[in-house]
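Order as written gives the chain letters A, B and C; numbering starts at 1 within each chain.
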Amino acid sequence: MEKTCIDALPLTMNSSEKQETVCIFGTGDFGRSLGLKMLQCGYSVVFGSRNPQKTTLLPSGAEVLSYSEAAKKSGIIIIAIHREHYDFLTELTEVLNGKILVDISNNLKINQYPESNAEYLAHLVPGAHVVKAFNTISAWALQSGALDASRQVFVCGNDSKAKQRVMDIVRNLGLTPMDQGSLMAAKEIEKYPLQLFPMWRFPFYLSAVLCVFLFFYCVIRDVIYPYVYEKKDNTFRMAISIPNRIFPITALTLLALVYLPGVIAAILQLYRGTKYRRFPDWLDHWMLCRKQLGLVALGFAFLHVLYTLVIPIRYYVRWRLGNLTVTQAILKKENPFSTSSAWLSDSYVALGILGFFLFVLLGITSLPSVSNAVNWREFRFVQSKLGYLTLILCTAHTLVYGGKRFLSPSNLRWYLPAAYVLGLIIPCTVLVIKFVLIMPCVDNTLTRIRQGWERNSKH
Amino acid sequence: MEKTCIDALPLTMNSSEKQETVCIFGTGDFGRSLGLKMLQCGYSVVFGSRNPQKTTLLPSGAEVLSYSEAAKKSGIIIIAIHREHYDFLTELTEVLNGKILVDISNNLKINQYPESNAEYLAHLVPGAHVVKAFNTISAWALQSGALDASRQVFVCGNDSKAKQRVMDIVRNLGLTPMDQGSLMAAKEIEKYPLQLFPMWRFPFYLSAVLCVFLFFYCVIRDVIYPYVYEKKDNTFRMAISIPNRIFPITALTLLALVYLPGVIAAILQLYRGTKYRRFPDWLDHWMLCRKQLGLVALGFAFLHVLYTLVIPIRYYVRWRLGNLTVTQAILKKENPFSTSSAWLSDSYVALGILGFFLFVLLGITSLPSVSNAVNWREFRFVQSKLGYLTLILCTAHTLVYGGKRFLSPSNLRWYLPAAYVLGLIIPCTVLVIKFVLIMPCVDNTLTRIRQGWERNSKH
Amino acid sequence: MEKTCIDALPLTMNSSEKQETVCIFGTGDFGRSLGLKMLQCGYSVVFGSRNPQKTTLLPSGAEVLSYSEAAKKSGIIIIAIHREHYDFLTELTEVLNGKILVDISNNLKINQYPESNAEYLAHLVPGAHVVKAFNTISAWALQSGALDASRQVFVCGNDSKAKQRVMDIVRNLGLTPMDQGSLMAAKEIEKYPLQLFPMWRFPFYLSAVLCVFLFFYCVIRDVIYPYVYEKKDNTFRMAISIPNRIFPITALTLLALVYLPGVIAAILQLYRGTKYRRFPDWLDHWMLCRKQLGLVALGFAFLHVLYTLVIPIRYYVRWRLGNLTVTQAILKKENPFSTSSAWLSDSYVALGILGFFLFVLLGITSLPSVSNAVNWREFRFVQSKLGYLTLILCTAHTLVYGGKRFLSPSNLRWYLPAAYVLGLIIPCTVLVIKFVLIMPCVDNTLTRIRQGWERNSKH
């Protein structure tokens, strides 16, 4: 329910409920927005300011006082001030003693300061109960009520009563408080709004590098080579034909890279004979962004499907097929039907469709609300069993696509094999190693290691 | 976890836990369903009724007493009675004093009464703690356990202890309580189950009007015009060809309308020189349903993609292409290849695919569970940067589709340009204005205004 | 926010916060993983072990003591021991008195024991407050931080303070506690991680049986029959043509089976004249897995769409169309245009696209996060109104596909009608009965019955 209290009239409030007063230090944009929202939701608001007389633009209904006077009016004080100006609070330690200070600040970049702003505030005013909150909400969103991105307000603090009171306010403003534990969590909470898809960066750059490399590879084989040897202008292939080679190869390679770290980890554990040694950092990081790798792969697979399905409506394809038929008609000879070609063409298409279908299923189960609704056993079943099946189907799709021409020397141009051959290297490697790993003798050892057994242990 | 307590046996309950008694006033359908569910979850249930002797059909195990006797048995009384019959409660004020009254009522239409039912109840029985809850759950769903729609129970009330106790009951029934704050929220909570996609109404009607207008426009140009001048029966075009003109134009127009209000708002702010004046109501409402507009646009784009991909399997297309080839074969002349046509055809298709791909990405990020998992910066990046890129790609797709024939007089029929020309008006306008707005001189002023600066302010 | 506390340094903790000590009984894999995680999150951890001297591999920083000594150090004791070894706890009843025991155990199969492990534990140590938690989290996920599947920890217990303390720990570990009520819920919570898509089993087996049956039916009609009578090798049809007959029929039948139980229930209620008698068990179970039936149907519909869209790029289709044109060109005769064929072909395709579009919409609204965001009225509108519209469109699509050849005797092979005729039986039956049920006279009776009226009642 998109509950906002913009239309609520504080005057019609149930008289049995006393209006709570909240104090806001700072009259900047966010302070004003928060104050307005609180007034609309039935709170009394007092602003604390350096120059209470000169402050303008405040929401009507709010009082403005000096810092110390404002602080006396309420048990909860929201610090809507930049961290650099926190110093003056040390002069107010007496009046702030025992009060709840809500730190809503954000920094300009990650790790700007050694400790989080909230912990710094708690250090400056040791007698107060500091609660971190509201830093993930934007001033504009508060004003307009357009809280599409997220209504979640992460809250943390060492005093659980103080935290509870702040969470009640959050709820009354129509937002969703998320208790994140003690003030130690403030560092994470402050980092959060500054991130821009951190887990997606590696998959994104990796796929960009792959795409650029494959693009030049295909341009050399499909545009420059025919131009040099046959003087044919094939540049128009750069719009659809070449992307439709790049996308499936990138998709298949990224999908294989989702399963490669698991395979490497298994080999490492077998080699070390124990699971109680940390993996190298690169492997840990790789394992943690497998979901993102898989979803980027799904994106490329989706593009490949669309690029393939439009083939028959392309001018070039219609022209080529039309001319072929005209030539045949002029020569008055019909094309004989080849059952093996029909089998190859149909099975390569069918394998691709089934692979894409399972891939889409995998993508749907990685939606947060879906993966929250399955248990660990189901998740493992989908991501591991169905995942490998997808990889097998997509690899088979590419192998059958190659069909008879696979690695035939006539297909080399300037000693370069067709691009899809490159795309098969990593998937086939992963599948072969995995096949070895699931052989009973290897699998048993691995299972014992994963259950805690150690080869070199004295037990 | 789809936890229901239907199979739980209250008799095997841990003896250390005392069975809580809940009283239900009213023996109608919802009262009975709730009572049955509570019995199944281990509660004692006492029904209060006008005629305790004549009441039938109650779940076995429940007691039936007169109102006042039933009320004495429990601290929590669920009022499963229509608001019109609340009057009799005034006679029971003494016995209800200090008790928790749970208002579960719904009205037949929105704003039927000036105040919410729960507030009316609190007014009638001032000594009781009124909590609003359960009104969003259907009796049928409670009985069958098929709570697919929503397990969320919105709860509000002025007394936090009373609210807490009701939320515990909600949880014990396997439902999810959502604390909505004070009793003031009851009005919103009561409005909620009566709504039927309120935010979708404007986008839906707008797109319906657009579709109908474009349908007649296309029928005139593509069916009536050829019939009048060439006596050709083109009516079959109404099944696929004409919808496949209507859908992309509607999609593109709606997508542009998602970004138009932001552009208008920027112009207004620049003109006024301040951000501290409210936008007109129509603009506010428009801005709040942008997400819905975008999703309707995505629906039309999806239809356009499907209608386009089936082109080659249509009888008409196969017939036309076949006949074209037959004619050429009879004339024994091959069709020369035009590189520029290949470029045009391929790039217009590629632009369309990439635009649709980004559009689908935008759609996925607007799923509630996905948008909850991104922070504000990421959401703005996706919805604003990727959104404009989508608009640019889709507009370019339409422009290249027009290609050489764009606005050529030979393409006018009864002075009517081709339909896609109409579809370009709003997107091009939005893109041109946006382009002006992001020029440094304009952008700087706008940024300052959005940070709180005012042109006519004395500061 | 993917908050983990792996990087948090317990030493930099706010000094005002006392480090809480947690005791873990058992030094197996899960105990160690949980201990490590807790140490990383700033807890003191004491392990209780049978042989404290011989225990190795524990995370550094943790203490190991005998069971009774370890128990004395903390108010919260996590029992990371298999249920079979719980007996020794009876010897510790004294020292465990008043403490919180967290049962994290899982069994190997569902219903292995008459009562849940947590209730058994509460029975063994009656003086302690038993809380069930953590059983849905895997040791590996805890260690690696890769908690994609689910961060939800289901918590239940009879003592609400004990439960609250455990939920605080859960939150501090970066997980999401879900209060499931009293200890009675432990049975459900313990069943949960052992399930493998229980609601999907019936739809899955049903569709498998349907697919196998239809496969053999189609092989007989399309492969064996032509081989016997025309010696044609049609085996390549098994890759795409035959699946593309099986999938739409399965999809349509499953979709009709989603609506059939509702229709049967209505007939039962009309026949019995009351809604206060339970439906037979098979009907109840059927009604509860309608969502899963529908989603499986959507999967088959999706496959049907992909298989249909690739038709023009198949070798067989290109060969057939090319040869057809060549033959015409050789005979020098153009194919006359048939408006009725164009109408039939286009309208059958358009009906299919619209049906699939609505089907996808239904699928999207059944995503947990979307269905949580709609109210009961909206959910009913989508699933019932739009659902029936989808069924009507898809049935019409199949009927028009049949077109003129529908049931014509020339289409029988070995007295077997075309497969799509079989697919129409259930959908048409459902639609006809539904049509009867919504006729005013029947509908009025049904509505009264559903509002609680009884035909044979004395009222």
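Annotations for the structure displayed:
Here, a residue touches a chain if its C-beta (ideal position, glycine included) is under 8 Å from a C-beta of that chain, and two chains touch if they have at least 3 such contacts.
The chain list, named the UniProt way, goes like this: A, B, C = Metalloreductase STEAP4.
Note that the structure is predicted; figures quoted are calculated from it, not measured.
Comparing the residue numbers each copy contributes, chain B (Metalloreductase STEAP4) and chain C (Metalloreductase STEAP4) share less than half of them at their mutual interface.
Bringing chain A (Metalloreductase STEAP4) onto chain B (Metalloreductase STEAP4) by least-squares fit of CA atoms involves turning it by 120°, to the nearest 5. Measuring from the averaged C-alpha position of chain B (Metalloreductase STEAP4) to that of chain C (Metalloreductase STEAP4) gives a distance of 24 Å.
Each of the following residues of chain C (Metalloreductase STEAP4) touches two or more other chains: 1, 152, 192, 309, 312, 325-326, 329, 367-370, 372, 375. Chain B (Metalloreductase STEAP4) meets chain A (Metalloreductase STEAP4) in the complex at residues 1, 115, 119, 122, 126, 154, 158, 160, 178-185, 187-189, 192, 199, 276, 284, 287-288, 291, 305, 308-309, 311-312, 321, 324-326, 328-329, 332, 334-335, 337-339, 341-347, 349-350, 353-354, 356-357, 360-361, 366-381, 383, 450-452, 457, 459. In the complex of the two chains, the chain C (Metalloreductase STEAP4) residues touching chain A (Metalloreductase STEAP4) come out as 1-3, 5, 8, 12-14, 16-17, 28-29, 41-42, 56-57, 136-138, 140-141, 144-146, 148-152, 168, 171-172, 192-197, 233, 235-236, 239-241, 243, 299, 302-303, 306-307, 309-310, 312-316, 318-319, 322-323, 325-327, 329-330, 367-370, 372, 375.
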